[in-house]
Amino acid sequence: METSKAEALKRMKSIAGHVRGIEKMLQADEYCIDVIKQIQAVQAALNKVSTTLLEGHLHSCVITAVQGEDMKERERVLEEIANVFSTATKV
Amino acid sequence: METSKAEALKRMKSIAGHVRGIEKMLQADEYCIDVIKQIQAVQAALNKVSTTLLEGHLHSCVITAVQGEDMKERERVLEEIANVFSTATKV
Amino acid sequence: METSKAEALKRMKSIAGHVRGIEKMLQADEYCIDVIKQIQAVQAALNKVSTTLLEGHLHSCVITAVQGEDMKERERVLEEIANVFSTATKV
Amino acid sequence: METSKAEALKRMKSIAGHVRGIEKMLQADEYCIDVIKQIQAVQAALNKVSTTLLEGHLHSCVITAVQGEDMKERERVLEEIANVFSTATKV
């Protein structure tokens, strides 16, 4: 596994724990605003995972595709990056 | 439990499953962009939970505080909403 | 004009100047990433304007509506806040 | 000028008009929520400009840098993309 994926996995395990904690807050009928703040913390953590994964991707698959001979594959890989960026600005 | 919290809890359970699925994708060394897309889907789902909770909060605590006599409490409750909005625009 | 609107107007004038600056960068064919960074700065500035306006709104119209007798109007005002929050999490 | 920059410039001119319209709304003391909605529309339009510029950038500078011999320059260009993505998830 690449370093970026190993780091992402570690972070996701921590996020999974955070999500379970939010479930418990809801079951305990905790104050809504406190729950929303924890959700926002999870979202910030997820942003970091995405960025970590994108960095790894840029330094592996993207380099391979852009240096390769297959124009269609290169196009596909670059388009994917524009797409995740576009979605990122909307999430 | 209020309806909005019950709905939020149901959604959080589903999100917890989604997060575990992403962990498995990373363990199986799946394609980075596919993982990022799933993370973005989780974030969209979390946005819905936050909005659901905020709606419930506006129709309960906020009404109570704004109609109450305690000016400091009212101020605190309104400030909290401005704060979660401010964070929402940054997450 | 309320203080929050006056402050928002001042910020919007500054943002308008920033936007014109970005137009000039594009006309001068400046480096794409530098332009994107300036666009992101404008978006952060717009987030501040929205938060400023929402704060003013919470302390004026929302208080009036929630303390008023018109249940339909109160409902409408609270729903609007949930809506701008929901959109904020997507923009 | 590249096609993506020309398109971005056209969109920025339209956004500049939109920003002036928001200034007028504030001067006319229009309803806060209506102003916030217009600000959110401007932000969605700015997201499109950023994505357009990034697409153009990926298909020009990024290809040149990744296919080039200068490892440091390649690193710099890939890092920039991770950075704008990271900021995008926060704006």
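Chains here go by letter, A, B, C and D, matching the order in which they are written, and residues are numbered from 1 within each.
To be clear about the criterion, a contact is a pair of C-beta atoms (placed from the backbone, for glycine too) under 8 Å apart; a residue touches a chain by one contact, two chains touch by 3 or more.
Because the structure is a prediction, the values reported are computed rather than measured.
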item: Equivalent interface positions on subunit A and subunit B, same or different at half; value: same
item: Label of the chain whose CA centroid is most distant from the centroid of subunit D; value: B
item: Centre-to-centre distance between subunit D and subunit A (centres being mean Cα positions), rounded to whole Å; value: 21
item: Length of the line joining the C-alpha centres of subunit B and subunit D, rounded to whole Å; value: 27
item: Distance between the centres, which are taken as Cα means, of subunit B and subunit A, whole angstrom; value: 17
item: Junction residues of subunit D, two or more chains touched; value: 44, 47, 50, 54, 81, 84, 88-91
item: Complex interface listing, subunit B residues touching subunit A; value: 1, 4-5, 8-9, 12-13, 15-16, 19-20, 22-23, 26-27, 29, 31-33, 35-37, 39-40, 42-44, 46-47, 49-50, 53-54, 56-57, 61, 80-81, 84, 87-88, 91
item: Interfacial residue positions of subunit D with respect to subunit A in the complex; value: 44, 47, 50-51, 54-55, 58-59, 62-63, 66-67, 74, 78-79, 81-82, 84-86, 88-91
